[in-house]
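Let me begin by handing over the structure; questions about it come next.
As written, the chain order gives the labels A, B, C and D, with residue 1 at the start of each chain.
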Amino acid sequence: MKPVCLVMGAGAGIGGSVAKKFAGEGYHAVLCRRTDEAGLQKLVGDIQADGGDATGFLLNAVNENTIEEHIVGIEKEIGPVEVVLFNLGAQIGNRSLEDTSHKAFELGWRMATFALFRMAKVLLPIMEQRGSGTFLVTSATAAIRGNAGQHSHAAAMGGRRMLCQTLNAEYAPKGIHVAHILVDGAVDAPDTLGKMLGEEAFRKLREKRGLEKDGLLLPEKMAETYFHLAHQHRSAWTHELDLRSFSDLAWWNHR
Amino acid sequence: MKPVCLVMGAGAGIGGSVAKKFAGEGYHAVLCRRTDEAGLQKLVGDIQADGGDATGFLLNAVNENTIEEHIVGIEKEIGPVEVVLFNLGAQIGNRSLEDTSHKAFELGWRMATFALFRMAKVLLPIMEQRGSGTFLVTSATAAIRGNAGQHSHAAAMGGRRMLCQTLNAEYAPKGIHVAHILVDGAVDAPDTLGKMLGEEAFRKLREKRGLEKDGLLLPEKMAETYFHLAHQHRSAWTHELDLRSFSDLAWWNHR
Amino acid sequence: MKPVCLVMGAGAGIGGSVAKKFAGEGYHAVLCRRTDEAGLQKLVGDIQADGGDATGFLLNAVNENTIEEHIVGIEKEIGPVEVVLFNLGAQIGNRSLEDTSHKAFELGWRMATFALFRMAKVLLPIMEQRGSGTFLVTSATAAIRGNAGQHSHAAAMGGRRMLCQTLNAEYAPKGIHVAHILVDGAVDAPDTLGKMLGEEAFRKLREKRGLEKDGLLLPEKMAETYFHLAHQHRSAWTHELDLRSFSDLAWWNHR
Amino acid sequence: MKPVCLVMGAGAGIGGSVAKKFAGEGYHAVLCRRTDEAGLQKLVGDIQADGGDATGFLLNAVNENTIEEHIVGIEKEIGPVEVVLFNLGAQIGNRSLEDTSHKAFELGWRMATFALFRMAKVLLPIMEQRGSGTFLVTSATAAIRGNAGQHSHAAAMGGRRMLCQTLNAEYAPKGIHVAHILVDGAVDAPDTLGKMLGEEAFRKLREKRGLEKDGLLLPEKMAETYFHLAHQHRSAWTHELDLRSFSDLAWWNHR
């Protein structure tokens, strides 16, 4: 029975690439996403075509008990979840305070903060019993700096980052590695950035960012670092790192 | 008609002391808290006995429309809210992940993050129309560092801090001063710390912290800084500062 | 004998304004600067014309024993240094790595970091004997974020900020208040910004920043916060705060 | 001609382990240290015994022109320096302000900050001409938080961190990867920690930290992350990460 790498939020960007990387290294990749059955099946099929093991689930993480039931089921039917990637985003683009509804603000929190808490609450005790496990969390610049128009996103991500720290403080001594991965730049991900910008603007952005497409963060390259994190020896764990393209400015720099 | 200083979360600690300070400087202090009618009336009465203006409301900020309706009412009946202090805490003591229920985690967010968002959403547009206003937010070390057992509190406060940054980025250019006050230490506040620790432990802590009681943060002294923040000239605003007793370690230091 | 407020780096900006503010509140202001005898005498004369006490010294803080000897002399001849403002800057404008000489890099450190250390080393033990004192340090955004071209300045300011933390950790329990004031924006100071930009560019900047000149930080308004810091009760001290104009972006925000 | 991995500060801890790792992966490791010819030759010999290429130099980085001349020589005689690890420390143990001499303070800066600047100044233009290169910098918790007694160390490391940010901002767009590695814990390194603590205390610490010795950071495990950093694709570079043992508290947490 292969160890499982569970990806919550598996689109054709970071999530799918991480799933593929881990499957290629001997994990059974379990991909969960909210919509797009065809997209999900393509990701699963690609991994299987490469000789890897993968299973896909369409699920809405925000719904009560969804995360909880799936994890129990995966542990029972597929294998032990040794690595989890929490990869749900909550970016809704820039909206002024007046245009940010109570509902939008709450939904940001439900996806980006509360779903992580729920996942930790069901999975960390299982990992604790095994004495090991890796809990990777994709995060964003908004977790450490709040820009205008980012009320829902920044509040949710700020909560996410602090939650990663409390989880790490409580579970690292029990052998569980919690890592907060600060993605500080635009990712070459058609399912998120692409949809947010629209096809045309996304195409232009990719062109503008350079010949080799590496002005955008390339998810298959990012996956290398996710994999490295999950395989650091426990005497030398990283809790937080940033990732950005060489050609992009760090969030703290200005042009 | 005096300008109003509205305190959301007005116990016999920071909230009450800030209300008293502003009332003494010519504001009509409006004190809101969830429970303890007698405690509220004592605070209001003390201010009035000193010749100040004060009004008290018992309200549960978490309930739908409560904040919103009160602000509309205050603006109409009492005066323009020129200064608001958002002072709701969400500290529930240390609880392991397993002992932190979904409900406790959500309640932390409702009080510490969402209530602030709701208050900003109703009040900032009013202040924007006047072209000025001060929005003070009491915050805690948990907003920048997550310790074990602080899952609910740290996630809520981390969200609060990022929200203050987004609000500041959007409203400072419109003349509204948003300040995030990081209270990094125990406050000499019987209504919060006192209740959390119990009477006996609170008494011992006060004794241990020294002759002049200033190992604990003294709320009437903190109020001086709150008042100063609200009266900085707009050419030199502070968005974030820390407060601690001289005899306490900063959060980043270790013994 | 009046208490002394010693300003190291007293030009016609922050330093001069802080000296004036404290003199107006009953301190004997001692102004030290490297050059411009006429400018120094004007600052001293203005304070005296307002009925305050002030003394000026031209000195080069970088020279061996200069700081040390002056402090001994001031303590002996003028009065106890209850408040010191370390206000030496080390901004030399943007220079690429190749254009930053060993000498320029070292000079930045000598002025911005080492001179602060030397001042602390001579003054803090004196304050410790008295059991009180305030050590204010003007700092810059470069202390927390390094931009291209800021090699000398950022390294020096980063050292300054950490030094303020070590001094605070060691001396706060002894009753000495060390505060790190992060000036995050351009100051309306002809002696520094004005000289760096040149008269014409400085004039244009002031015009562009708005009708009421408050797009730039106004030093006489900043001085209010410096004074407040020096008079916080020791139960509620601030170690770090930021200052910027309402119309400027915080360093962590981007347009 | 193999690419060179140059280690400045190559003792039997991080420096030596990184040299060994890179040599094992096809680099010519160049090890530089100030003292202990026998120790240096052992490190070089061990690498060669494993079939790797290594060269050692005894040099005092603080001396004028030493770094500069060695780099020119290495580039000419051994190969292109594709990776450099700046690994000089400046920890001198806890010393009160009164016990920290001007000389000690300055030496900290000369080793930890200025030597890095000098190395960058000679090496980055060479890397720029090649359009690629990796500049790894070992750093310490003192770079982001200053404790009592750490005046020299924290000021030097704070300067180091800001310098890494300015270098990164200027050279990342030119294809050169600058990474600041925050070592947040005690390293199992007899040459530094061992000497600072003394043999007996070091032995006790290793015992106390656990059966598998991994309460201390193990340098050969840390070297895996250094190697990973140097081989991240330029579309997904990390500028800063932390490293600590699973059983240690993060610097921001308290027991």
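What we mean here is this: a residue touches a chain if its C-beta (ideal position, glycine included) is under 8 Å from a C-beta of that chain, and two chains touch if they have at least 3 such contacts.
Computed from a predicted model, the values in this text were never measured in an experiment.
Q: A-D versus B-D: which has more C-beta pairs touching?
A: A-D
Q: Are the two sides of the chain C and chain D contact the same residues or different ones, given that same means over half of the numbers occur on both copies?
A: Over half shared, hence same.
Q: How far is the middle of chain A from the middle of chain D, if each middle is the mean of its Cα atoms, in Å?
A: 31
Q: In angstrom, rounded to a whole number, how far apart do the mean CA points of chain B and chain D lie?
A: The computed centroid separation for chain B versus chain D comes out at 45 Å.
Q: Mind pulling the residue numbers of chain B that touch at least two other chains?
A: Within chain B, the residues that touch at least two other chains are 144-148, 165, 168-169, 252-253.
Q: Chain B touches which residues of chain C in the complex?
A: Within the complex, chain C contacts chain B at residues 165, 168-169, 172-173, 175, 177, 188, 213-218, 221-222, 224-225, 228, 232-247, 249-250, 252-253.
Q: For the complex, which residues does chain D have touching chain B?
A: Residues in contact with chain B: 144-148, 251-254.
Q: In their shared complex, at which residues does chain B touch chain A?
A: It comes out as residues 96-98, 100, 102, 105-106, 109, 113-114, 117-118, 120-121, 124-125, 142-151, 154-171.
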